[in-house]
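First chain written, first letter: the chains are A, B, C, D, E and F, and each begins at residue 1.
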Amino acid sequence: MSAVKKNYIVETIRKAQLSELLAKGKRLDGRSLEQYRELKIETQLIEKANASARVTLGNTQVIAGVKIATGTPFPDTPDKGLLIVTAEVLPLSSPYAEAGPPDEDAIELARVVDRGIRESEMVDLTELCIVAGKVVVTIFVDVSILNVDGNLFDATSFAVVSALKTAKMPKYVPDGDKAKATGETIPVPVKRVPVSVTMARIGNVLIVDPSIEEEAVMDARITLTTDDDGNICAGQKGNPSTFTPAQVMAAAELSTRKGKEIRKQIVGAAK
Amino acid sequence: MSAVKKNYIVETIRKAQLSELLAKGKRLDGRSLEQYRELKIETQLIEKANASARVTLGNTQVIAGVKIATGTPFPDTPDKGLLIVTAEVLPLSSPYAEAGPPDEDAIELARVVDRGIRESEMVDLTELCIVAGKVVVTIFVDVSILNVDGNLFDATSFAVVSALKTAKMPKYVPDGDKAKATGETIPVPVKRVPVSVTMARIGNVLIVDPSIEEEAVMDARITLTTDDDGNICAGQKGNPSTFTPAQVMAAAELSTRKGKEIRKQIVGAAK
Amino acid sequence: MSAVKKNYIVETIRKAQLSELLAKGKRLDGRSLEQYRELKIETQLIEKANASARVTLGNTQVIAGVKIATGTPFPDTPDKGLLIVTAEVLPLSSPYAEAGPPDEDAIELARVVDRGIRESEMVDLTELCIVAGKVVVTIFVDVSILNVDGNLFDATSFAVVSALKTAKMPKYVPDGDKAKATGETIPVPVKRVPVSVTMARIGNVLIVDPSIEEEAVMDARITLTTDDDGNICAGQKGNPSTFTPAQVMAAAELSTRKGKEIRKQIVGAAK
Amino acid sequence: MEAKRKLIDDKGKRLDGRTWDQLRPVKIEVGVLKNADGSAFIEWGKNKIMAAVYGPKEVHPKHEVMPDRAVVRCRYHMAPFSVDERKNPAPSRREIEISKVIREALEPALVVEDYPRTAIEIFVEVLQSDGGSRVAGITAAALALADAGINMRDLVCGVSSGIVDGQVVLDLNDSEDKEGSGDMPVAIMPNLGLVTLLQIDGIYTPDHFKKAFELAIEGGKRIYEMQRQVLLQKYFGSSPAESTAEEQE
Amino acid sequence: MEAKRKLIDDKGKRLDGRTWDQLRPVKIEVGVLKNADGSAFIEWGKNKIMAAVYGPKEVHPKHEVMPDRAVVRCRYHMAPFSVDERKNPAPSRREIEISKVIREALEPALVVEDYPRTAIEIFVEVLQSDGGSRVAGITAAALALADAGINMRDLVCGVSSGIVDGQVVLDLNDSEDKEGSGDMPVAIMPNLGLVTLLQIDGIYTPDHFKKAFELAIEGGKRIYEMQRQVLLQKYFGSSPAESTAEEQE
Amino acid sequence: MEAKRKLIDDKGKRLDGRTWDQLRPVKIEVGVLKNADGSAFIEWGKNKIMAAVYGPKEVHPKHEVMPDRAVVRCRYHMAPFSVDERKNPAPSRREIEISKVIREALEPALVVEDYPRTAIEIFVEVLQSDGGSRVAGITAAALALADAGINMRDLVCGVSSGIVDGQVVLDLNDSEDKEGSGDMPVAIMPNLGLVTLLQIDGIYTPDHFKKAFELAIEGGKRIYEMQRQVLLQKYFGSSPAESTAEEQE
């Protein structure tokens, strides 16, 4: 994020040190190349939200809150509810973060996480239709980044998915052209559990879950989201650098593999 | 306001000079500690507004205009009209004021004045309901600060209260779910006359109606608003400094006493 | 526009050189005082728009696009459609243009062009009324400035007028309080062809269609728009300088004369 | 749709009783704000406008400094309560354009070369708006500049002319501006005989154009006479500082 | 329109079972964020608030540097999911005002002269909001400042009092704040006996005012005792870093 | 709700008559804007996109200067009339994200070390939008960079592939993008064989993913051939400057 300020000399030294280690299959913090940092998922912290989840990934800490209301559908999808994901890198999360409207990094973060969820068809938006073209259920998932320590993409995605998986919403029925709440509460119609896996290329080596030190020296980044069936449903290459086609295919395979492991943890936490 | 730029050396000398005077119960401009500057209130200057008032307090000059229309009530107060107070410290009012959206000082000013009026229940908002939950009377009171010379809080409050006290509005009756103007004009339902009294602590001395020179060196500020019955209905401590509990209690007593005097002047001007 | 950055020394030399030439009735690029640069008008480039026109005036290049929809009329003109002109000086158009909301130059540009069209009654806005007070046709004409080389006022105006002259819109009929499209397409009701003529005063000489070099040294600018009958229907003096009354009258005569020539070209291009 | 009402009656009287070439009442006070370096308050018809000037003063931001002259800035702004429907306090596109044309109307009169590396800031605050607020604002701002002691080549004064019920008239009020068929605000430097602001709206035959333009210039000179009186009374007069000029026709 | 519900029952119990002078449960952790120089997380009733401090650090923009002291900045912000209706993430006028009063409540405790030419930045992020979020935020932020090692004259702690069903009560929750007739947040430097924040809403007779003000000060001292325990446990205690203080009454 | 229409017919023809691996018509002109240091105009299907480059130029604001390389900036923007419903001219979140990925797709090709302490600015203005506007923009912008004489390691070219009616297809148009089940824009440096942009939307089995990715790379190489022809004709050809390449399949 904007929360990473570059210092070229330190970076060059760091990168040499890191590359040496990586050549031996090791990382600064002792992890293997394909190992995530410790992942902790806590749900139902915010009673006033329809759902919430705090994700701690190493020292990266984010919290997602879900708010559900009724709204008007988009004209080109009159029979679908709305799902809106936002992310704010709070100024308390890093010495380099600044208050103000989201910058391009925060916008990319929210949009990539949103696409992973939307394209996987995690939430059946047609079940959120109350009166086609008139009123639908609107789900806001807002994420506050509390501490930046690398890999905000995955931490944010895990928080959003975990929150949605536990979210309850009022049951609405049509009342003419409007919505009426029945008083009942039902789960949000979750069909799948997409998992975001972010990888960094440093030299010729691909690692998962880059820490902030690794992000500072990485060449390129790739985030791939996979669904329960091992399909790829969203992806984004980042950073002003490149991948070989073979690296992309390796990343695809790696994301599917790691995705399976993490999905179990998310599903476990959402119980 | 932002309109006060600090110069430390000048300030220190000024403060010493002022403190010496204050110890003798005197002020730079010859006033006693509990004395306001000359207060002038003119109403009905702006024919296109539903009411208006220009307040001159020493060299501080502000003008308030009232505009009344119909609007939609807030969901949590479906049977109450809306009263919205804004303040703009115009760039022509001071060499330090700048054009642009209101800064934290202007926002605090408008909100403190607004609370004084709202909490005193000066205007009976339930009488502004036309059709509950659908349409209510909306009263905008916008204040333009024309010349900054200290104690904007009181000058602004006096202008808003004086304008509201003289405001006339169209009479509306329900017409289905909408409002229909009958053509008649009625007064805004004013029940009380809240009076804001702003005091400054300089050293151990409490003074009322600080001038801009006094504001530049004051330690802490407190604004207390009292109603016709001598109750305190709003208050705000300002500045990065402190009061002893005894000073707060003294300020409460002083605000009630000065409030009575000024109320007479406001009521007189509104005739 | 903001796209002109001044360099005083270069300007002074340039101005001396230019004034010498102008005294002989000549211009830097070989034109006569009352001669426009080559004008090229292309229409129907943007299939997704209701109309479009690209105008090339020397090296100045602008493109206008028309979008038509239904909207709500203004309360004080319930029986008139809306016509909204905007202009954006794209950052790719000049080394001095900057991305961001329109500055005072871009706002003046759009408003002067808009007035030329509105005041000439080019489009009969009453024919755009569908249900008085409820729903009317709204015409947006957005202009993107692609290359700045002087006289944006005329290039923009020619593009807007040419686009409107070729614009087709859906036919709407009332459907209760709403609009229903019949499926037919009809021309926008164009009644006149206003032509903007911009002149610059450099010393005592009046020239038409100033290039960017001429704008950099000109004293004052005047834009006059005339209609098919030779009436003046809009005007704007620009730049912090002056005209004598006689110069204004000469400009009025010149604008009518040049307006006739250019009107033929616009009408020709719109066929 | 509905028939337009007549704005000039059979006897040539306008809605407010004026003849075609008569100005509305004008009242001007100079030096009305304490903090500003110069200020003036004008009431012109229903217009109530405060103008103030700060400067010459330091330029912020620094990169806008001009080495050989003063930077001139201008803000024309309408109070939320100045018009019939409450106005959003944020500057509209109209206010931004008018700020620019007012600046360009006043700057020719300022000897900006006398104040290199400084800024001169002009504020025009419309407390109540009627027809012709921009020319009223220019008229007041020119006095505020003089009151601030800025070196000037001439005063600047202005008035609108226009077309109402097919006739050329002077100094349109709000209804005439909105319901008439042409509005032409003009500002001049009266002693130098130069036009510093000209805007034209509406449809003018060449003949109407000439007549309206000349009428506005002539009217501007009458406004100048009032400006002159106000300054004389303020700086040399026996009457108090808040001396006023009321038009007598 | 509709009859107001009773907020205090016949036995003097409030909706959440508390007596008139009882605090809601409070739980505090210090040092919870890795990047911040100091941080604290407070749960107070349903309030869940994260406070963090960065500084002393370089001042940006440079022209805001103060030669003889630190600049203190504060941002109070509510997460979109922190309230019943989703909140727009852009700062509201209310958040801007509260940011200011929190800064002015904390700054008196900071020895800003010890840090010339630097900035101290205080962030209060409300993850869930209940009555009294500003005093809870001040209480947490004071601990974050201490955790950051900033020199302080005293801690700052706060609590609201108010009027509910005609009675003076301590520490209003959300319903009491909204449905009650008075809310008075107060912050103090407990050892110095000085008031650093005071806001008053509602209608207070002189007698009620005195009683409510004194109750808030007395309640503030109880909050201070919890702050002290948390710091003791964090820096000298045997219990782990995330030691907490739970109120026992 | 409603049944989806078929996007590929029984004979394997797409709505616009293309086969699964066929590109839409592409037409490119280089050097079309006078002020820009480099420019290119591309028509690709219904896309009409202007790209322009300014630089190397001075960096503003100064604190963004990089001592050992050029700063690269990029703005992707859509004209209000470029889409079916008029678009607000302010940059949307989508445009901000695409500006970033385009910059990151082009920067690897630039020898930024050759231009320390400067800025290179890339503008992509979509005058009419169709499927694949970001890859069309990258293709045009790479030519504008070459036209500006910026040192480059390779050109950059791009094309989308995707899934339509369960089949992998090349170069989705607007309907295929919106109604299909997957869209994968890819940009490459064709001579170096490196991927500089990759975005994936939709659901891809591992097999579909491989096939679509390889198809996009192969398609990119065909786009590169057109870029090469345009540059050859522009700089060495006998045909006029506005030489064009029209795809022949």
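Basically, contacts are C-beta pairs under 8 Å (C-beta built on N, C-alpha and C of every residue); 3 or more make two chains touch, one makes a residue touch a chain.
It should be emphasised that the depicted structure is a prediction, and the values quoted were computed from it without experimental measurement.
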Enter the minimum step count from chain B to chain C; a value of 1 means the two chains touch. 2
Looking at the contacts, which chains touch chain A and chain B alike? E
Work out the mean Cα position per chain and let me know which chain is farthest from chain C. E
What chain is the most remote from chain B, judged by the mean position of CA atoms in each chain? F
Sharing over half of the contact pairs with B-E by residue number is what counts; pick that pair out of A-E, C-F or A-F. A-F
Centre to centre, by mean C-alpha position, how many angstrom separate chain A and chain D? 58
Suppose each chain is reduced to the average of its Cα coordinates; what separation in Å results between chain D and chain F? 53
If you average the CA atoms of chain B and of chain D, how far apart do the two points sit, in angstrom? 32
What are the residues of chain F that contact at least two other chains? none
The positions of chain C in contact with two or more other chains are none
Looking only at which chains touch which, which shape fits best: line, ring, star, complete or other? ring
Could you give the sequence of chains met when travelling the ring from chain C by way of chain F? C, F, A, E, B, D
For the complex, which residues does chain B have touching chain E? 8, 79, 104-105, 107-108, 110-111, 115, 119-121, 126, 132, 222, 224, 227, 230-245, 248-249, 252-253, 256
So in the complex, which bits of chain F are touching chain C? 33-36, 39, 46, 48, 50-52, 54, 57, 75, 77, 79-86, 89-90, 121, 123, 125, 127-129
Footprint of chain A on chain F - complex, ascending: 1, 67-68, 72, 93-94, 96-97, 99-101, 103-104, 107-108, 184, 189, 192-206, 209-210, 213-214, 217
Chain F-touching residues of chain C, taken from the complex the two chains share: 45-49, 52, 59, 61, 63, 65-67, 69, 86, 88, 90-95, 99, 101, 140, 142, 144, 146-149
